[in-house]
Every structure is written in structure tokens, then in C-alpha cells.
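Here chain A shows up in two complexes: once beside chain B, once beside chain C.
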Partner chain A sequence: MPSRTARPNTGAGARPQGPPAPAQHRSEDDPRVMLERDINADMYEPIPPYPTQTERESEFYSSGDGEMFINIGPHHPATHGVLRLVLKLSGEQIVDVDPVLGYLHRGVEKICENSDYYHVIDQVDPLEYISSLFQEWAAVLAFEKLMDVEVPRRAEYIRVLSGELLRIASHTLYMGFLALDLGGLTPILYSFIERDEIMEMLASLTGARMLFNYFRIGGVNGDLNHEFMSRLGDWMSRAAKQTEANAGLLNENEIFVRRTRGVGVLDRATALRFGVTGGNLRAAGVPFDLRRAHPYSVYPELDFNIPTRDEGDSLARYLIRVDEVRESIRIIDQCLHNMPDGPVMAKLPRLLRPRPGRAWGACEGPRGMMGVYAVSDGSDQPFRFRIHDPSFMHLETVPTLLPGNLLADTMTIVASLDPVLGGIDK
Partner chain B sequence: MDRTLRRRLEARLSAQLQGPIRQRHDQTEIRIRPGDVPDVLRTVHDAVDLRFEILADLAGVDTGDVMQVVYHLWSETSPDWLRVIADGIARDDPRCPSATFLWTGAEWLEREAYDMFGIIFEGNRDLRRIFMPPDYTSFPLRKDFLLPDDAARSPGEGVRHIERPVAAARAAADPATGVRRARVS
Partner chain C sequence: MRAIPATFREQTRAARAFAEQAWSGASTTDRLALILVPLALMAFVGFVVSAVVMLGPTIDFLGANQPLVRFGVAAVGILLLTVPTAFVLIYMELKVIARMNLRVGPNRLGPWGAATSMIHGFKVLSKEDFAPTGADVTVFTLAPAVTFLASVMTLLVIPFAPGIFGQDLNIGLLYFFAMGGLSVLGLLMAGWSSFNKYSLLGGLRSAAQIVSYEIPLTLSAVGVVLIAGSMSMTHIVMSQSGSALDWFVFKQPLAVLIFFIAATAEANRTPFDLTEADSEIVAGFATEYSGMRFGFFFFAEYVNVFIMSALLVTIFFGGWTAPFNWPWAYNLNWLDASGIGLLWIGIVAVVLFVATDILGAAIWLFGGRDWSAPAAFGLGFLVAGAGVTAAVGLACFIAFDWVQGIFWFMAKTYVFVFVFVWMRATLPRVRVDQLMGFAWKWLLPAALLNLFVTAAAILILNQPVTPR
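Entry: the complex of A and B
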């Protein structure tokens, strides 16, 4: 296999120099035994020896004076999944980044094109495993347009209710993990208390704890039940107070604020050019939220604000999430007061065969716009099923945001963008 | 459906449109030749009465006969999504101009479409595989790429999870190539 030219010796691949060590008995587990054998030295190199294919790749992998490469991941606790970042460093300063994706690629789009319309819903569940209801929501939105299905109002309210609960769980987890990546262990423990309560609540509603498989084309799988409502009532009585307490742990923490303020600034024009959506775009000053920008479900009837900030740095991205949790609690409150009676499923045939056509459905997930483009050819399986994930677009900004920062800021910036690798790698 | 958007698009893009503008639910769909992609995207992005500034999605589609590249755009000037279909890209040598001159974010979306369909986006400076390994040679989302356990597309080999009449199943799969006959346009 041809190897890359002009790659520096980063140290990790170097073999031991000098006279051989004195003979002694060593275990097979001893890494020195491996080094003494005549094996391919490439396996110790941080960058696999593939020939470069594009202009940008050759530019990245040819290093200048004093530059070195460092490999983060794919198995690294702060990469939120299996993300591999190849960093080009000059001293401790980042010069360039090459994110390497695909370690979690499962080919969900192909699987969906070979499943019937009912099965697609549970195939898309494990993509965004932190907030799986929203990926289901995007899929059912597209399918309902494809089939001209009218969803009962009670089902729409239940969707909004469960979706906003999951948004709070996702944002709470985000705050904890952001602090964890910066070295603060306490907030994640409080985050998990909140998130676990919401997960148990949704488990009593949907029957599953994380991969819910709850939304259906034309409604939802089951009506509200007593256990869910009593848990929700208990939680709502202290949710607002608890959110403020959790946020207070970080908002007033000087170390946290100093490590996030002004770090990884994503300005308005760059964010728009990169197709960034969700909280990351609103932190850059663009009030783009699909719940208002392109209303779906019953969001036009609900009263809530779209928080925006102008700074566009990591701290702003964090504070936007805190504000959104407050707004979500307001939405849940309105849902509980306005919940209409009626059925939760539209009447549909058991075998769905939509007419040939195309439909695009998008909803606002915790990370941004979740989209699905579905093409029907008249059979019982989607002809093309395209999944658009916001984290994919957010991760794309990393090579722009990181250069110039210190190595330690990698974790701040990546964590503040809130990528979920399950969704990115499809 | 946004009727005024239809009129605005017809006024601006009369030379490039292929076929009528279709509208259904909250979507407006236009069809163009792949060569017109830079002109059309530039027009809908910059024109003062269109301003489609947010690229919601870029997807490749293999209809079995031709390839398509589908753009979904959002603008504050219209309640509709705009779907731009670059239609009629040859399957044996799929090429399409890149949209990275307008949206830098299209770079990875095009890498994904290249990885899955083999569509070559001219002007993209980093067009390499993104999900599959660099030494992989196939394009998995093409319609002639069958799953190993794909009983659905090969009648007689295996049992489908939802049965349908044998005649319909045979008509859907072309026995010569295994390519599913497209009824989409």
C-alpha cells in the first residue's frame, strides 16, 4: 500500500533505538515484546497510510516546520461517540483539523429503503439516540405529507408534550456533558437525576426507556396513562426550580465561564454558510426555529419565545440551551391545559402504499433541524429515504472553529456544538 | 401552497425551468438541468424577492434510470420549502456542479452524496469518501447495489416480511440486472 509522503515522524511509530535489552522472560502482554518482533510499523502510526485523494487532504497531511499530528479518538470519552479528529498542531496551538467519520455508519438509509413504511419508524430510532422521538417525528411528517394523512389534534398535543420533555432531557444532558468535558464532575450527576426522571416518565408513556418507537404515521402509539400523568405532575411541580438550581452550578462558575466565553466564535454569516441550525444558529443571532419559522403540528397555537444571543461563542451556545429549557417547561404547561379529547390515531390501512410522489418533512430537534426526504414509487417501501441530521452540519464547522485555539479548547468547542455521532454517521 | 412564490420563480427562472413548477402541501418543486445548478442557486439565494438563504438539505437520488441531486431551501420570504431537483444526471458518469461556492456546508453533504452514489461534484475541493473507508469501491445507495439478505428485490429467494402478489414482485424487480424498475420521476 502506498504511504503518504512528507509525513513527519510523530514519535508514536518510532521503534526503540540502541542496544537490545538483556534477555529476560517477558509476558506476551508486554508491549515491548510486540515492538521487538518484525511487524509492520504502520500499525503504530496515528494516521493510517492511505494515499491522499484530494487537494484539501494533501494540504492537510503535509506539515510545515515544527508542526505535528495528534490523533483524538475514535475511542475517546470526550468525543461524544466514536468521532476521530486528526489535529495538526504547532506547539499547543491547533493549525488544522480533519474529522474522520463513519465509525458508526450503519447504512440506515439503505435499510429504510428495504423496509416498509411502518418499519422505517423503528429503524430511524437509534440514529439520534439522545432524542430519538424527533427523528421519528421528521419521518412521520414526511410520510403524512406523502399519504395526505390528517393527524388527530390530541395526537399532535401528545407529540408536542413528549417531544418537549425529551428536549429538556437532551438539553440537561448537554449541560452536564459540557461541564464534564471541561473537567467538572458535579453537574453531570444532577443532569442525570433530571434526565432519568424524564426517561422513566416517557417509559411509562411509550413502553421503552430510550428508543421509544412511539410516533406512528397518523398519530401516536398510545394514549396518556395514569402513571405518566402522575409522574409528570410531580416533576412539573419542581422542574422550574430544579432547572434554575442546575444552571446556577455552571452559570456562576468562574472557571466554566472563562473557559467558554469567547471560545469557538461562530458568527452569523459563517453559520448561515455552513447550514448550521438549532441552538447553535440562534446563539449566533439568527432567530431561526422551525417551530416558528416553518410551523408544524400545533406549535402555532402555543405561546413561547425563541431565545437568541449575539455572541456566538461556546458560552452563548450553552446559555441558549438554558433558556430553551425554560421555554419548553412553558410549552408543556400549555399542552397540559389545552389537551383536547379524542382519538390518538388516524384510520389507516394495514398496508401503506402511497401514490408516487415526493415529500420533505422537517422538525426542530434539540440540536437543530431534523429532516427527512421521502420518495414513493407506489410500492409499500420508500423508494428513497434521505435523513438530514443537524449534528452533521455542526461538526462540519469544527475545522473552521478550532484553528488558532489551544488543544484544550478542542473539547470545549466540540462539546458546545452538541454533536451526536449516532445521527452524524447514520 | 404559496402561489406568489410560483409567480416569482417563473419570472426569475423562466429560461432554466424544465417542466412545470409543482406545488403540494408546503413544498414548491422546480426541476432544472444539472448544468444550470450554479445559476439557479445563485438566483434564488440572491434575488431580493426570493432570498433562500438556508440550505436545508442536499440529497442524491438514483431513480434507476438517471441520477438526481435534490436541494431543499428555506427562506423567510415564503411559507414554502423550495425543492430544486437537478434532474437527468447520467448514471454511468454522474457529474454535477458543486454548491460550495454559496454554502460552504454543502461540502460534506456532497461528500456524502459522492460516497453513497458516486456523483462527482465539480468544484468541491474535498470530494472523498466520508462514511465508507477510503479503499472502498462501491456506491451503496445505488439501486443496483443489493443487500446480501435482500429477499425483497429477488423474487423466489427468501420470504418477505409483507407478502405481495408474485406478479407484482416480479414486475418490480428486473430479473436481468436486479435493478428495481423506477416508477418515480
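Entry: the complex of A and C
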């Protein structure tokens, strides 16, 4: 690259004498500038610019007769976040798929290991930006085990209440986005009405609209207030009816049902092998829900069902979410009736230095098991902070689900698995 | 004092020096005027002279070639008609879908946002006309024109009202389907030439889709042709005249259903908008297009909706005929347009003035202190003008059957345009194999069944009763 030298300055305002200096910088000399003569058809193949490193990679990037590669993402109208799927197509049929991750990688685990225990909650918030309370909850559960903190019962109830509200918001958004990826314009906007209600509600409780930073080690930050309760009352009076109406938009739509039924069947054995949790696992017939399987908080005191289905296809995954919204409304109702009085924070020192040890905390998020594995070395920062994100496990199943389906089914399957890229890339 | 130049050469030099001095002293505006004014004068003189010389021959030529002239005028008229039609449809779609989504929709430009689509039109005009590297530029440029013209030229045979049509071809319906089928060529060209895989998939999808749905679409219209006994659009409309009960929708209910579904696929509308499925192949064949080239595709899409609705109305819903027996006579002599009657002048001139005065005075006198005289008479003028406009419109509606025809035709057409928009807000998209399966497994057999039943019914009902 030619070096850019400064033109000799002959004094303020002086015009250069003689012929102008030759152009110092020509685009043809710049290796970063692509010229038309450099362009050939091969450049448009998504072949990696490096020699293939693994056997799988070289197998994937050798295309057979009549096959072509196509990129879905990282910028594509239907990707959830910055997911890139390199599809190998034969006509419209998918032969193979290679998901490419890491466009949103921030090194959150390392950041958490460099912040003290209070600040970790702030850092894990944007991982699952759709439902950030649950990642906080997992971290807080792990830290509380590490420090043997007793959480006040009122704080536990408030956690369950706000968590279930957020679960409804997340599932509502899921239904809308699934419909949008199938080409339906309207359900997403109806979903956003419900979600905005809940977000405004939680904003009045927590002070923030999406990244709440509300749960604390040993309780929650702030008690229920009047505005939250009045908004919640307004919403609960119509929530069940409105949810049924919104779900009816899709449940009773012939095209929607035909697009999702039997598409992307995730059977029980495969789901367990890949570590799938949450609604995607329950849609495959395994009644595994951390709220019942490994009870935490006050869930043992509450009465709710774990809906399961046997089909394991996209429609089952969608219908599980619809059922879970109903159950969450029931839980919120019980929380409001059983809410005890008392403090919302345990008494804790200003600087937390847990004894050396390790703890695993996990809660049932809208997508599945949100887990945190924290190791303490006795300092005020976690020695190791490992985040288990369910979306990552679910995305791993995509290469087994997609081949054999059509291009349009990519959107159905990926959307019905409901990945959030913030959590996947960490 | 300057000495008078003696020789011719000196005179020329002096004149040139003077001209150069004047030119260098003149401002840019003056220079522009110095160039343009003589040119305009020359052009005007030339125009007048040629008009005087050529007027007679031109009129003779036009008179001798009336079909050609009619075709030219109709083609230009249709091309001009598509622009406001597309604007209205785009605005309608934005607004109707917004209301169905519980949104407000466009509300910034113009009253209720009505100028939004016009501004969109200016926007695409002002954008860069861009062709991607590696594209086949010739085909890439031609593709929007082919699509646009193919869909617009089908309007040539649609009768909007008695006497208001481009051409009354005796193979009108055939012409319509032939021209409509050409538009797939444009989409295929766009998909192939863009050098983009999304475009390619979109183009191939459109080819498969439109070719498949063309067959049930055409077959469902054949029943009507059998009943009407002609493929001329005007004839088809005339054979449905009377009341709404004479429309072919009641004689061919299955055909209407098939036709509507196939027309949705032909116009690439939801739930069959696979060619530009945004969540799958970004924008399909239009992915690489920008500026006015994209604008042509966009226009063609919306004009297609209008055209399909218009054809549906024409062959199944009575075209421009009124839905009930119109009780009044069509041509009232005292309102005849050719001899501008006293009533027209009276309504437009006298009544407007008198009504403005009366209304303005009344508002001024009884409106209280808030009304100044100009404001009162201004409002009076507006009200009177609206009243007169309404009266003239009503008179035209009664007097001219073509005004009536256009009214009924547009009213019916926009009902179906609304249904198209409604479907877009409601339904998700079908998958490509479902789309093809539906066409070949359901629509085609149903259309054939409809055709056989219609033919058999005509054969039986029209059989002369022979006494034994």
C-alpha cells in the first residue's frame, strides 16, 4: 500500500506553485478496493477463504451436481438476531446446513468473572434480551447457594410473579414471530400489544423496560408499587380472554396449521441427546420442567400443570407455548392471592466474599433451562462463571431437523425452536 | 468617440468585440435568456407554420386511420391511468392493513396521509438506477418494462363503461390471458439476470406458479364464454345486463371461486406471494432492483391487483351494469352534453353565485361576531361549490350512461381490491409444494368439472323440443 505522505506546506494560505502533485492514492493500488475486473462468479460462493479445517467442513463445502449454497443471514428478514445458516440446496430442497455463530459474541462469561457479585446480575441481563429476568434468576440462584442466603418469602413470590409475567410476554412474542416468518402480518402486532402492556408493567416495577436488573442476591430490588398493581389488575381482567383470541388467530388458520404440522419433528431420543429443554422438550413428550423436576423458589406451593405433547413438530412446539401461557396466568393469579407480607431483601454485607466452593443454579426460562455454574475462590469476584443457555442447545438440533425439508421450512423450524442469539453467542 | 470602421472586416471585428464585451458582462440569467428566448421564438414560429400547413393532412390522416388512432389514444390513456390507480391501491393497502393491525398507518403527508404513495413514487424516481456487478444489464433493464407493459396492456380490452374501452376485440378474453401470461417472462428475466440466488429462486418460483395457475384461471372463464357465446368483453358484459340476478356469478359459482383463487396466485398476492416471500428469499426477483426499475415492478404488482379485480367484475359480476334495474331514462335531452344546455350554465354560473351570496350573507348575519365578511363568504363559497359539484355529478350520473358505468365498475372493482388487501392482512403464506399441489390436484379438476357441467347444461337446456 502506498504510504500517504503529507504535502509540503509552504505557509498559511499559500497556493502550491507549479503543476499539482500526482495522486498519492489510487484505488487500483489498494488491496482493500475491489475492482470490477477482480470479480468472478466464484466469489459469490460461500466457500470459506481459508482451507477447510475439519472433515465435516470439507464435506459440507463440496457441492454435488445441481446443488448450490445460499446464505440465510446474518442479515436476512427472517433470522432471529444475527444467525447465519449456510444452506446447501438442491432446487428448493435442503441437503445440508451449516449454522455459523459468533456475530454477537461479547465474552460475557469473562466479563462476569472480572466483575463483583453484584455487577454480574447487570452483565447477564442482555443475554436473553427477550426475557432477561430469567438469566438474572439463574445467576442469583447460584450465588445464593454459594453464600447460603435465605431469601424472604415475599421476595420469592415477587420473583415468581414477575418471572411468569415475562414468560407470557416472551411466549406471546414467539407466537407473533412464528406467524411473521410464515408470512402472516397481523399476529405480530397483536402480540406486541400484549407484550408492551407487560413491559410497561414491569417497567413500573423495576425501573427499566427490557433489561431489568431487578433481582438481587437475597431478594429483589424494590417492593410492589401501586402503579404496577393497578396495571397488572387491568391486564389480568382481560388477559385470559385476549390470549385465547390471539391464539385463535393462528390455531384455527388452515394455512398456518398445514405449514407447521409434521414439519421439523424433533423426536424424544434426539431431543434428550442434544440436551434440549423447555417447551421444545415437552413438545416431544418429556414432561421435564425445572419448576417441578428440581423445584426452586416457591413453585412447590403453587398449583399448575406441565403441558406436554407427543408430536414433537413445529405445531406441537407452538401449542405448548399457548398452553404454558394459560398456566402462567394461573400462577400469577395464585401469586396475587398468596402474596405474604414482609421484607423483600435479606440482610447482606456490602462486600460479598463467599467461601471457596462451587454452585449450580438453574431456573425454567421461557426457552428452557437457564443455568449458571459459579465457582468461588474466596474473593469478591467469581473465579469461574459458566452460563448454560437453552437456545444454544436448541440451535444445535437445526442441522438434524432441516435436511429434507424445503427452503420455506427453515423459517418455520428455526422460529418454532425460538432461539435468541444474544444468549447463543454470549 | 470611437471612429466608425471603414472596411467590412473592421466592421465585423468591431461587432464581435462588442458582442464579446456584452456577453462577458452579462449575468448567468441573462445569458440563459439570450440563448433560450430566440430558440423559443423559433420553435413557436415553426410550430405555428407546421400546424397551419399540416393541420388538414393530419386530420385527414387521423380520419383515415381511426382504429390506429383509437389504439394509440387507448394505450396512452391506459398507461396514464395506471399511475393514479397504483397510487390509490398502495395507499389503500397501507391504510387498510394498518387499521386491521390496530395501527394508525400513514398520516403525515397530505390529508390522512393520502400523499404518501405519491411521495414514494417521487422517491423511487430520485433513487440511483443501480445494476449489480455480474448482472446481465440488458435483460436486467428490460425485465421491469416487460412485466409492467404485459400487465398494463391487458387493460386494453377491459370495458370500463359503454363506449369506454381500448379495443373491443372479438378474442378479448384470449388476448387478456395471453398478455397476462407474458408478465411471467419479465419476472423470469429479472430473476435470471440479477446474478443473485434469491432472485433466481424467486424467478423460478414465479414461473412455476404462474404457469400452473394460468390453466385453472383460463378454464374457469371458459364456462362464461360458453354461456355468453362470445369472447368479446363487451358482449360478455352486455349478456349480463339487467339486474344482479343476471350476473354470471349465479350461473357459475364454482368458477368464481376457482377464478378468484387463481387470480390471487396470478397477481402474486398473499397467500400465494411466494415470488417475493420476504421471510424466505428476501424480496425474490426484485432483490437487486432499486430506483424506478423497482418502481415498475411495484407498480405492476398493484396494477395487477386492479386488473384481476376488474376482470373478475367484468366476466362474473356484470361489469359496468347496475346491480338493479335503473329506473330512470339514460339520456335526458335537456342535459345533453353535445349541445351545452341552459341548465349547465345556470347551475355552474348563476346558482353558484346566488348560493354563495345567500349562504355567505346568512353566515355573516347570524353567525355572530366570530365571522368576518371574507371568512363568511369564503365558507359560503365552499359550501355552495360542494353543493353545485354534487348536483352536477348527480346530473351527469343520471344523464350519461358512461358515468354510471364507470361508477358501478369502479365500485365493484374496489370491493374486490379490498378483499385482496384484506387477505394480505389475514393469511400466512403457503409453501411452494402446497401451492403446486393445490393447483394441480384441486383447482384444475374442479375447473374441468365446472366446464363439463356447464357444457352439458347448455346442451340439455338448449335442445329443441321435438314433438313425436
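Here, the second predicted complex is superposed on the first by the 379 of 426 C-alpha atoms of A that agree within 3 Å, B and C clash if a C-alpha of one lies under 4 Å from a C-alpha of the other, contacts with A are read in each partner's own complex, and residues count from 1 in each chain.
Convention: contacts are C-beta pairs under 8 Å (C-beta built on N, C-alpha and C of every residue); 3 or more make two chains touch, one makes a residue touch a chain.
Keep in mind that this is a model prediction, so the values were computed, not measured.
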*asked:* For A:Met369 in the superposed arrangement: first (chain B), second (chain C), both or neither?
replied: first
_Tell me which touches more residues of chain A here: chain C or chain B._
B
*Once the structures are superposed on A, label A:Arg273 by its partner contacts, choosing first (chain B), second (chain C), both or neither.*
first
_Looking at A:Arg238 after the superposition, I want to know if it touches chain B, chain C, both of them or none. Which is it: first, second, both, neither?_
neither
*Using the touch definition from the top, say if A:Glu92 reaches chain B (first), chain C (second), both or neither.*
second
*Would you check which partner chain A:Asp425 touches, where first means chain B only, second means chain C only, and both and neither mean what they say?*
first
*For A:Lys347, decide between first (touching chain B), second (touching chain C), both and neither.*
neither
*asked:* Under the contact rule defined above, give the chain A residues that sit at the interface with chain B and also at the interface with chain C.
replied: none
*Across the complex, what residues on chain A touch chain B?*
50, 53-57, 101-102, 105, 107, 109-110, 113-114, 116, 119, 145, 270, 272-277, 288, 293-294, 351, 356-360, 362, 369, 371, 373, 375-381, 383-384, 386, 388, 392-393, 396-397, 400, 425-426
_For a test of understanding, state which residues of chain B touch chain A in their complex under the given definition._
24-27, 29, 53-57, 59, 61-63, 70, 72, 74, 76, 79, 81, 83, 102-109, 112, 116, 125-135, 140-141, 145, 147, 150, 152-153, 161-162, 164, 172, 180, 182-185
*Which chain C residues qualify as touching chain A in the complex?*
97, 100-103, 133-134, 195, 197-198, 201, 270-271, 273-274, 277-282, 424-434
*So in the complex, which bits of chain A are touching chain C?*
36, 39, 41, 44, 68, 70, 76-78, 92, 179-186, 189-190, 193, 253, 255-256, 258-259, 406-411
